[in-house]
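Once you scroll down, you'll see the structures, which are given as C-alpha cells.
The two complexes that follow have subunit A in common; it is paired with subunit B in the first and with subunit C in the second.
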Partner chain A sequence: MKIYKLKTGYTELAAALLKKGQNVIAPKFSGRTLLFGKIEKAEDAVEPERYVNTVRSAKEFIFPATEPVVEFSYKNKDVKVFDSLVQSDEKIILGLRPCDAAAFTIIDDVFNYEYKDEFYAEKRKNTTLVSFSCEHSDEACFCSSVGLRPDSPQGSDLLFKKDVHGNYFAYSCSEKGEKLVALLKEIFEETTEDFTESPCYEEVLGHMRPPLDTVRIKEWLDKNFENPLWDEFASRCLGCGSCAFLCPTCHCFDIVDETKYSSGLRRKNWDACQFPLFTLHASGHNPRPLQSKRYRQRVMHKFKYYNDRFNKTLCTGCGRCVRACPVNLDIYQVVSEITKENSLEETLNEQHL
Partner chain B sequence: MSNDKISAEVKKLAGELLESGKVSAVVGYAEGTLKGRVQTFIARKASETEKFIFNQNCANNLAVYLTKSYNIISAGKPVAVFLKPCDIKSVTALIQEHQLKREDIFIIGLSCQGVLNDSGPAGKCRACSMHNPQYYDALIGGVVEEKEPEVTDPFARVKEIESMTTSECWEFWMKEFDKCVRCYACRQACPLCYCEQCIVDKTRPRWIESSAHPIGNLGWHLIRAFHLAGRCIGCGECERVCHQNIPLSLLNMKMSKEIFDLYGYTAGMDEGAKPPLTEFKMEDNEEFIR
Partner chain C sequence: MNNIYKPYLAKIDMVRQETPDTKTFRLSFMDPETAESFTFKAGQFGEYSSFGDGESTFCIASSPTRKGYIECSFKAVGKVTNALKDKDVGDIIGFRGPYGNSFPIEEMYGKNLLFIGGGIGLAPLRSLIWNCLDLREKFGEITILYGARSVQDLCYKPELTEWAERPDVNFVKTVDPGGETSDWDGKVGFVPTVLKELAPSPEGAVAITCGPPIMIKFVLQNLSELGFDSTQVVTTLENRMKCGLGKCGRCNVGKTYVCIDGPVFTARELEALPVDF
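Then we have the complex of A and B:
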C-alpha cells in the first residue's frame, strides 16, 4: 500500500478529476437530501467534513434501483428478444465512507456466486471507489460492531485520511487506485508518513455504539428460527422497504416485464424482504405471511445465512436503516437483545448442569 | 404539564387498563434509540407499560396499527391507543369507511402542543388549530388552550405550487419524484392506505410500473394522491417517513383543497358524514365536467 500526500483540498481534487474528463459521482444536495450524483461542477461536491453519510448508499451505481436486462418486441407471431447492453461507462465514486466501500466487497460474493451477474460485474469493474475516512460519526453508526473502523481500507481503491493539520493523505489499495493517482500526478506526491494509527479516528471510534458480539448473535440465530421474540421485535414493523433500499448490502431484486403496445423491457428492480409480495407465490400461498417472519428473514440473512454461505456479516454498520426506520425499529438494538438472550440461555443451561 | 408528568400518567393509565383486563393491548410510544426519535410500542402485559412515554417527539400516527393487516383488534376486547388530536381524525375516517368500530378501541387522547421533526416543529403543526382531542375515552395532559395557528391558510404551500406555470410545476415534481426509490414507506405509514391489495402491487394487468423510473414514480405518487382525495386527514406521516424528503403532503393537500372547493368537505371531522366521493347528490358541483 503506497501513501500519497494530496497537495490540494477536496474541491480541487474533484475539479482535477473533472478537468481530466472523468465521470465523477459524489455526494451532492438534491434539495435538502444528500445523495450521490454525477458532478458537473466541482463546487457541487459536498466536502466530506460536512456530512456523516449520504441518505442513500452508493450501491445504486453498481446495482441500480431499476435496470433493463432484456428488450423484446413482437409482431403477430414474430417475437424478437435482445439482451440489454451490459456495457457501462468508467466512473469514479468520490467521497464514499469506508462502510459503503466495504459493502461492495461483501456483495461481490453473492453477485459472483454460481451465476455471475454481468450487469453488476461490468459496472463494478469500471468503477473506482475513492473513500474518505470519517471525521464524525452519529448516534446511528455502528461499523465497529461488524469489524470495520472509520478508516477501514476494505473495498476502497483509494482511501483518504487527514493529518492533524487537515492535510489529506491517500492510501492506494489497488491498481485502480494507483491509476487514479498517476492520472493526477501533479496534485499527489508520494510520502512515507503513515496515519494508520491516527488518533482522530480513534476518537470517532470512541463515540460509536459499543461493539456487538456477532459470534454470539449467530449462535442464537442458529438455534432460534422459532422464538416468541420475533413477534415482539416485529409487531410494530410497518413493512416498508426503507431499511432494505437504503442498505448498502441488501441486494435482493425482482424481475418485472414492462410492455407498451408491441414492445417492452424486462427490468431488474430492487426488492425488499419486508414486503408481503416478496414471497407471495403464484398459487396465492405465502410462506412468510406475517411481518414477524419477514423481519426474522432480514435479521437471519444479515447475521446468519450470509455468514453460513460466505463467512461474512451482511451489514457494515452504516446506520442508514436505523436513521430511516419510521418506527425506530433499530437492528442494533434487536441484535443486542439477542446477545443478552443468548447469555441468559447459557446461564440457564449452566445452572441445569 | 411537563413531559415527565404526562409520561407518568400514560404509564399509570396503560398499566391500569391492562391490569383490569379492560383492554387486550395498548399501543403507544416508548423511548427511541436516537435523539429526537421515539419508538412505537405495543404492550400486552401491565408489566410492560413502564416503557410508555409521551413528548413532543411522538410524531407517529398510531392509528395505522388499528387497520386490519395488524390484526391487533381481537373480538371481544378493545385495544387502547395513544392518539393526538390529528391522529383521531384518521380514526374518524376509518370509522366512516367501516374499517374500525368505535367500541373496538379505547382512545387515550393526548392534548398536543405540536410535534417536532428532525429540523424543528413539524410543518403540519404550524397550521394546526386543533390542540385538544375531538373525542376520547381518557384524556391525558388536560385541556390546552387553543391558539391561532402560526400559518392561517392551511393551503398556503399548495397555492405556491398552483402559482407555477405548467412546465415549472412539472419540473418541480419530476425532480422530487426522481428521488423516489419505491420503498412505500409513505403507503405503509398511512392509516388510510389500508387496501388489502394496493393497485401498485397488481400485476395482471400491471396498472402502474413498480420500477423506480420517472414514469413509474409519477404514476405511483399521483394514483396514491387520487386514492386519498377526500380521505387524507393531513397527519403528514407520508412526508415524515420519506427519507428522500419528497414533499408528499403537498399532493394530498392539493386534493384536500380540491375536495373542499368542490364539496365544502374536510376529511376526518365527522363520523356520521359521508365522504363526498362515496355518494351522489343532485346539487353536487359539476363544473369540472366539460
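Then we have the complex of A and C:
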C-alpha cells in the first residue's frame, strides 16, 4: 500500500478530477439533504469534515434502484427482445465513508457467484471508490461492531486520512487507486509518513457505541429461529422498508415489466424482505405472513445466513437504518439484547451445573 | 458480457386445457441454435414470461428424453399466468432457464419408485415419470399415486389413462371426498390417507412427492410412519422466485437459495432448514 500526500484541499481535489474530464459522484446538498450526486462544480462537493454520512448510500451507483434488463416489442405474433446490458461509463465516487466502500466487497459475493450479474459487475469494474476516513461519528454509527473502523481500507481504491495539521494523505489500495493518483500526479507526492495509527480515528472510535461480538450474536441466532424475542423486537415495526432501501448491503430486488402501447421494458427494482408481498405465493400461501417473521429474516440474513453462505456479515454498521427508522427500531440494540440473553443463558447453565 | 436476465424466445406449438384453470403449453425455441443445444434435467425449472406482464416460475413438465420441445403447466392465478392463459398456438413467450438442481435419477437406478402427486404438483413428477418410463429397464417397480380435489381438477388425463393401462406401472388415482363423480373409477380420499392404505414397502424404494404444502406435510409424516427414512424421500419446493439465479433474495430459506440449491430436496435436507417455507 503506497501513501501519497495531497498537496491541496478537498475542493481542489474535486476540481482537479473535473478538469481531467472525470465523471465525479460525491456528497452534495439537495435542499437540506446530503446525497451522492454528479458533481458539475467542485464547490458543490461538500467537504468530508462537514458530514458524518450521506442519507442514502452509494449503492445506487452500482446497483441502481431501478434498471432495465431487457427491452421488448410485441406486435401480434412478432416479438423482439433487445439487450439492455451496455458498457458502463467510468466514474469516481468521491467522499464516501469506509463503511460504504466495504459494503461493495460484501455484496460482490452474491452478484458474482454461480451466475455473474453483469449489470452489477460492469459498473463495479468501472467505478473507483475514493473514501475519506470519518472525523466524526454519531449515535447511530456502529461499524466497530462489525469488524470495521472509521479508517478501514476494505473496498476503497483510495482511502484518505488526515494528519493533525489537516493535511490529507491517500492510501492507495488497488490498481484503480494508483491510476487515479497517476492521473493527478501534480497534486500528489509519495511519502513514507504513515497515519495508520492516527489518534484522531481512535477518538472517533471511542465515541462510538461499544463494539458487539458478532460471533456471540451468530451463536444465539444459530439456536433461536424460534424465540419470543422476535415478537417483542418486531412489535413496533411498520414494515416500511426504509431500513432496506437505505442499507448499503441490502440487495433484494424484484423483476417487473413496464409497457407503453406495444413495447416495454423489463426492470430490476429494489425490493425488501420487510414487505408482506415479498414472499407471497400465488396460491395465497406466505412463508413469512407476520412482521415478526419478516424482521427475523432481516436480522438472520445480516448476521447469520449471509455468514453461513459467504462467510461475511451483511452489515457495515453505517447506522442508516437506525437513523431512518420511523419507530426507532435499532438493529444495534436488537443484536446487543441478543448477546445479553446469550450471556444470561450461559450464566443460568453454569449455575445449574 | 452475458445478460443473465435475457430470455430466449419460444413459440407455443400446442395448448392443452388440463382443468378449468390449468393449461399445458408445448414450446419450441425460435433460435435454431438454442433449439439444438438446449438440454435440461428432470426437476429443473424456468422463468416463463408474457412480455408486458412479467415472469413466472414453473418447472419444466416434460421429460428430457423427449427432445425438441419443453412443456410447462400452470394454473391461472396471478397477473402473468392469467396473461399466459390467453395465449394460443403460434404466440411467442419468453423463457429463461433451465435453473436449479434436479432429481437424483442416477441414484434411483435399480430401486422401486413411488411417485406421490397432488393437483398441479404432478407437473415436476411427470417430467421424472416419463424420464424413468423411457428408461424403464433401469428401475424396479414404479408406483404412481395421484390425487386432486375433484375429478375435473386431475391434470394430464390422457396420460393417467396411459399409465393405468401399462402393465409395468402400478397406478392409483384418488379424489378428495366430495370431489368424485358418479362414473369415477378411482379411490375417494386424501392422498396421504390413500398412501397409508397402499402401505408401500420402504425396502429398496425411493418416494418422490410434490403437491400443495399441506399434502406434502402429511405425506412426509405418513412415509415416515411407513418406515421410509428421510433420505429415501425426495420432494421439490416452489418458493416465490424472481431471478432464479440466487440473487434477488426472494426464495431464501435460511442460507439456502431454493433456486440454486433446490428446488429438489430430500426430506432429510428439509429437516435441516428453518421452518420458513
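The rule we apply is simple: the second predicted complex is superposed on the first by the 352 of 353 C-alpha atoms of A that agree within 3 Å, B and C clash if a C-alpha of one lies under 4 Å from a C-alpha of the other, contacts with A are read in each partner's own complex, and residues count from 1 in each chain.
In this text, contacts are C-beta pairs under 8 Å (C-beta built on N, C-alpha and C of every residue); 3 or more make two chains touch, one makes a residue touch a chain.
In this text the structure is predicted, and so the values were computed from the model without any measurement.
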*When the two structures are superposed on subunit A, do subunit B and subunit C clash or fit side by side?*
fit
*asked:* Touch test for A:167: subunit B only (first), subunit C only (second), both, or neither?
replied: neither
*asked:* With both complexes superposed on chain A, which partner does A:245 reach: first (subunit B), second (subunit C), both or neither?
replied: first
*Please work out whether A:66 is in contact with subunit B alone, subunit C alone, both, or neither, and reply first, second, both or neither.*
first
*asked:* I'd like to know which partner A:339 touches here: subunit B for first, subunit C for second, both or neither.
replied: neither
*Should A:79 be classified as contacting the first partner (subunit B), the second (subunit C), both, or neither?*
second
*Regarding the shared-chain residue A:254, is it in contact with subunit B (first), subunit C (second), both, or neither?*
both
*Quick one: subunit B or subunit C, who's touching more of subunit A?*
C
_Three-chain overlay, closest Cα atoms of subunit B and subunit C, distance in Å_ = 5
*Share the list of subunit A residues that count as touching for subunit B in one structure and for subunit C in the other.*
254, 256
*Would you pull the subunit C residues touching subunit A in the complex into a rising list?*
1-7, 9, 49, 51-56, 75, 77-78, 81, 90-92, 94, 212-213, 238-240, 242-243, 245-250, 252-255, 260, 274-277
*In the complex of these two chains, what residues of subunit A are touching subunit B?*
30-33, 35, 55-56, 65-66, 139-140, 235-236, 238-242, 244-246, 254, 256, 258, 267, 269-270, 272, 275, 277, 322-324, 326-330, 332-333
*Given the complex with subunit A, which residues does subunit B contribute to the contact?*
32-35, 37-42, 60, 64-65, 70, 175-176, 178-179, 181-185, 187-189, 201, 203, 206, 209-213, 216, 237, 240-241, 243-245
*Along subunit A, where are the residues that touch subunit C in the complex?*
69-70, 72, 74, 77, 79, 81, 83-85, 87, 110-111, 113-119, 122, 225, 251-257, 259, 264, 266, 268, 271, 273, 278-283, 285, 287-288, 293, 297, 300-301, 304-306, 308-309
